[in-house]
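Next, two complexes with chain A in common: one pairs it with chain B, the other with chain C.
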Partner chain A sequence: MTQALHKSTHAPQGGITLASAMPWIISTVVLLVIPFVFTSNSAITIMNQMAITIIFALAYNMLLGQGGMLSFGHAVYMGVGGFMCVHVMNYVEDYSLPLPLPLLPVFGGLFGLGLATIVGSFSTRKAGTVFAMISLGVGELIAACSVIIVVFFGGEEGVSGDRTYGLPFFGVEFLHQIEVYYLIVFWLILSALLMYLFSRTPVGRMANAVRDNPERAEFLGYSARWVRFFSFCASGFFCGVAGGLFAINYEILTEENLNLVQSGSILLITFLGGVGFFFGPIIGAIVFTLLSTVLSLQTELWQLYVGALFLATVMYFPGGLAGVIMMHWPAFRLGNARMLVLPYIKTFIPCLIGILGTAALIEMIFHLRHGAVGDEEMTLFWTTFNVHAVLPWLIAIAITGAAFWLTRRNIPEVVDAWHRANSLPGAAT
Partner chain B sequence: MDLILVNLIDGLVTGLLLFMLSAGLTLIFSMMGVLNFAHASFYMLGAYFAYQISLYLGFWMGLLIAPVIVGIAGAGVERYGLRRVHQYGHVPELIFTFGLALLIEEIVQFIWGKNQMPYSPPEILQFTLFSIAGNAIPAYKIFMICMSMGIFISLLFVLTRTRVGMVIQAALSYPKTVEALGHNVPLVFMGVFGVGTALAGVAGVIAGPVLGTFPGMAFLLGSIVFVTIVIGGLGSLWGALVASLLIGWITTFAASYNVAMADILMAVGFEQPIDLSESAWRDLWSLTLPQIGPILPYLLMVLILVFRPYGLFGKRDV
Partner chain C sequence: MSAAAALQLEGLRKSFGKTEIIRGVDLSIAKGERHAVIGPNGAGKSTLFNLITGRFPPTGGKVRLHGQDLAGLAPFQINRMGLSRSFQITNIFPKMSVFENVRCSLLWAKGYRYSFWNMVSKSRDLTQAADAILEQINLTERRELPAGVLSYAEQRALEIGITMAGGADVIMLDEPTAGMSHSETDYIVDLIRQVTENKTLIMVEHDMGVVFGLADRISVLVYGEIVATGRPEEVRANPKVQEAYLGAALEAEH
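Right, the complex of A and B next:
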């Protein structure tokens, strides 16, 4: 990963240019328009979840990618911020204070910031393993407290609120999902922009320096500890904002928002997307949310596939999806990207078929082992067959084997094309 | 007094079980600088393999074969997984083992399902060995104690008295020099990883029948094992032993003595509010020791990391 980390975003020197503002403008327009394309309620629910996850993942990457700190208990900051927001929501409702709902995430953020300040004051002394361990300990501690401190965390059933309290905000009462969507999008763009700008400030740049070589940064006169502390606090703030949005969207928070499972999944999302680039976690959040919603509808085993995908990413693509995309940048710059298209098609289509075939075999084994007695039929890829017959197994094994054989045969071609695409015309390879 | 004795034995069982896991983990850490998140997953694999074997060959063959399989699996993970990820640095290694832990849990669920397995102690050990003031001490508990003690002593013997142990100890401090002397250090690493995971496997085999063999067992014990080796000092075998026993006893005693916070507060001189449900401090009043027992180890770890990052016996910073 260090390689991927070193290749972190290159800052364009100077002021804001149209080119550097372009991704922001495009994504804003896309975010505003997309509810008109996918109008169904479930789509908007997914998009809300995605947007919250994006903020959380970006905040997490402030630590992991930009600061080189691996936190195993980061769900706590989001969760505590969310809990706080629900309490504020209920408090405002009880005393009918004039606090408009769109400002609520600020409270979540401030509370996340406060908690991060306390924890960060002792956990950021060291990076690496010590930091990871302290974050794990604190995370477990607070997650366990949720059952004990019932006043704040609400025990087993959690705390719930009602977002439609009080006065309408410019006539919007936040009754519908779509209104909440635009609220979340507003916060998404704002916090993503702020986080991006943070990574451009001297503190943000120093965070990268401390990540890569703390000793050298110290020699330059910067305190590695304080730099880490600032990153940690900023990350805590944006996690709290994500928690506040979560509270608004779901109106309930439980112990599940704090525990290690949640902390682990945000690590997974961020790493899958790619920690070396600012936009990596965004891709990760989108892909993971889609994967988990689509796959979990299709199969019981989706976590197995996600786990395998994660492990494969760590082993073979430590830069994550963003790293894979950016790998192709030089080829594009040289205008050689066309050379890659044909070999890619020839290799990756069999590879995809092979992976799907493996998944099919796994599903068949699972059905054979755990299916109800007498239930011998299963439907896979739009075909229904008898699992206990031999023929489907033979077909599946044959297709999978052939696909992988084809993939293996074509790999040299891809490698060759890759080298040609990445070398200057006329240069000796 | 009798209750104390019973708790001492129970705590010893838990502590020694923890030690079997933490010993391997701490050895692996001091060799490779990697905290193996998946360590408890190997413990779970041990229990499941032993259960599967015990269906056909009985408990004792399970005890013999399952750790070997787990050890081989562990060595394989080191050889084909960790060694590859090692080039990217320590953080990806941690992430790798974390992902491995997730994957192993999913695989176990895939093969054996989500329910608890009917894995039970062998018939020959299902009797009450002796009883203390009416509290029966099953023979299996004593067997667990003897087993873990035996492993600890043989581990100590191998590490300090044999040639292999010397090479391992040397490779811990000066891997380059040991390599220059003609020893195959990567092989030593792989061996240590294999033996460490096999130890976790043994722990799984003997703990599975009492603590239950189910997919959540790794998760339940996993983070406690970390806490143990951090408290004991990373890389220190004695530290791991002391911390394991400490945690074993703390959690056992906390679970069995029902000290209520209300009593303490009243003894200090606070007045209990009449209507508790309205008070913002009601949680403080209703707090009991068994309730906070499970989080005591984490509290201890955070305190240790803040005030003495070396751990109790550690020589180097984490």
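Right, the complex of A and C next:
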């Protein structure tokens, strides 16, 4: 799916082809069907969060990946859009206005757009460090406002609303998570499609040009500043939409939706997924949401692992997870992808065991140091053992060591297979 | 000094701190003329280019494009008035495809401006125009490659293509053949001759073969002043030029 999506960006010309529409059709079908596969309430809660994060990450990547602008305070556009939506929700309830809930994110979008227009008017003058610092400053400023302008931000407890206000929308009252899920999915598909189309417009194309070489873009008749400004405003709009959906889903917004932690994690998500491809942030949002929900139930140290994953991505795969996937495209096109399967299995399974072994050792150390007095038993990978005994340590160290030794031994094979898979038949490389 | 001059410089000056780099340049370039600016290293040729195209503000004097004063205008505004330039250091969009590079350079001229309601890939006109330019600069086969992976000469050709694409009638090329082999130079010179047909060309160049082969008129810039302007044979015969420029070149060779 992802590969076809990338290919469509190179489709030579003309209207919509089946190949370029396919990823969208498949994603839509998957999104519609998936609640029947994962039916539990908690799964739907996770998927709601995932979908909102995807919109936010895609909007963020309009700046980072496509426009070359690194923003350190982007949570405020989503947050402020969300706050606005909660207020609209309450206002509509108080005055019984006929505003159906599914239209609410539009207000979030417009408010995000408005704020982005104001901030963008001075922050997009320069890219690079200047832009990053201004975005950081503005982000901090607005986050600080949350305890000052209590009437809008609700102080420390935030503002809350009730999404079941007013009349049912075609008989749907949005009482259940699943109803909210389909509302969010509708906005997810619409926003993703609009953001994708935006990247195909003249201003979207010039955003890439300005990212690569602002000076050259100026000598083509485009003001780099205006191009940045338009990208910034569009990004603000979709962040606001994500904020509106957040308001509908959680019915509460607090200072946490504005602060730097939130801004930092969206940068992390986008980078993890890969800034170079349109679908990169989608992968990032899915992986990150899964890690932060599922992994956090398993271990207190989940942030350590997410941090390590992020670090490894930045250092070894600057193209992110999407970059790793697209790296295999040439081999796939040459019909050589099969050559890679066996070496991958032989190397990455030991590697995975090694990583899990390392994680087990970290967990054991953590339990040894921080476990309650007398609580010497711990359960790891469905095995319960005494962490103060020597044997579990020996086993863990031995497995980890052996796994990494095996990985190391097999790496040349992967490298070799990689070269063979990526060379044309008969080429002497 | 006719009113129809494509580009006119009047007493142009530029200082960086106390150092005066351009010391009063007067120059008039007629429409359709191919004009070369030559001079020894550090004479201020590139600075002169940057002053004309609005990259730096001048300390004094005026630049007129088709009679209009360019003072205070940003590069993108100057470009929209019909002046386009290339750079001494290759200046393209390395991560975008070759085709994408050319298409971006067409957008403004084709009237797309900052629109976000048009799909660029749907415009047949745009695609055809971009492909025509690729054909002209001989890069059709490289269409889908990222521009950054092209060979040096190909990148220079692409840069000339980008410079030309917007349909500007005054073209400025900063050392288009710098660092090229003989065959590559011939290729670029042919290309320049072909694409600047009926346009005004101003170029800075070190390769005397290129200069004397292409230019209708030559100006010699030495330490921020023009010491001679004229037809190639006049400039070659000018004793001041021989002393200041060719002499220096000879010295450098020995």
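Criterion: the second predicted complex is superposed on the first by the 417 of 429 C-alpha atoms of A that agree within 3 Å, B and C clash if a C-alpha of one lies under 4 Å from a C-alpha of the other, contacts with A are read in each partner's own complex, and residues count from 1 in each chain.
Rule of thumb we're sticking to: a residue touches a chain if its C-beta (ideal position, glycine included) is under 8 Å from a C-beta of that chain, and two chains touch if they have at least 3 such contacts.
Because the structure is predicted, anything quoted here is derived from the model rather than measured.
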Message = After the superposition on A, what does A:Glu93 contact: first (chain B), second (chain C), both or neither?
response = neither
Request  = In the overlay, answer first, second, both or neither for which of chain B and chain C A:Glu179 touches.
outcome  = neither
Inquiry  = Contact-wise, after the overlay, does A:Leu220 reach chain B, chain C, both or neither (first, second, both, neither)?
reply    = second
Task = Answer with first, second, both or neither: which of chain B and chain C does A:Arg369 touch in the superposed model?
result = first
Query = Regarding the shared-chain residue A:Phe198, is it in contact with chain B (first), chain C (second), both, or neither?
reply = second
Key: First, second, both or neither for A:Phe230, with chain B first and chain C second   = second
First (chain B), second (chain C), both or neither touched by A:Glu413 = neither
Request  = Based on the superposed arrangement, let me know which partner A:Lys126 touches: chain B (first), chain C (second), both, or neither?
outcome  = first
Task = Applying the touch criterion given at the start, work out whether A:Leu268 contacts chain B, chain C, both or neither, answering first, second, both or neither.
result = first
Ask   = Which chain makes contact with more of the residues of chain A, chain B or else chain C?
value = B
Overlapping contact positions on chain A, where the chain C interface meets the chain B interface = none
Task = Within their complex, state which residues of chain A touch chain B.
result = 1-3, 64, 68, 70, 72, 122, 125-126, 128-130, 132-134, 136-138, 140-141, 144-145, 147-151, 260, 264, 267-268, 271, 301, 303-304, 307-308, 310-311, 314-315, 318, 362, 366, 369-370
Request  = Within their complex, state which residues of chain A touch chain C.
outcome  = 10-15, 197-198, 200-206, 208-209, 212-213, 215-224, 226-227, 230, 234
Key: Interfacial residue positions of chain B with respect to chain A in the complex   = 33, 35, 81, 84-85, 88-92, 94-96, 98-100, 102-103, 106-107, 109-111, 113, 219, 223, 226-227, 230, 234, 280, 282-283, 287, 291-292, 294-295, 298-299, 301-302, 305-306, 309, 317-318
Ask   = Residues of chain C touching chain A in their complex?
value = 53, 55, 74-76, 79-80, 84-85, 87, 91-97, 100, 103-105, 107-109, 112-122, 124, 127, 144, 162-163, 166
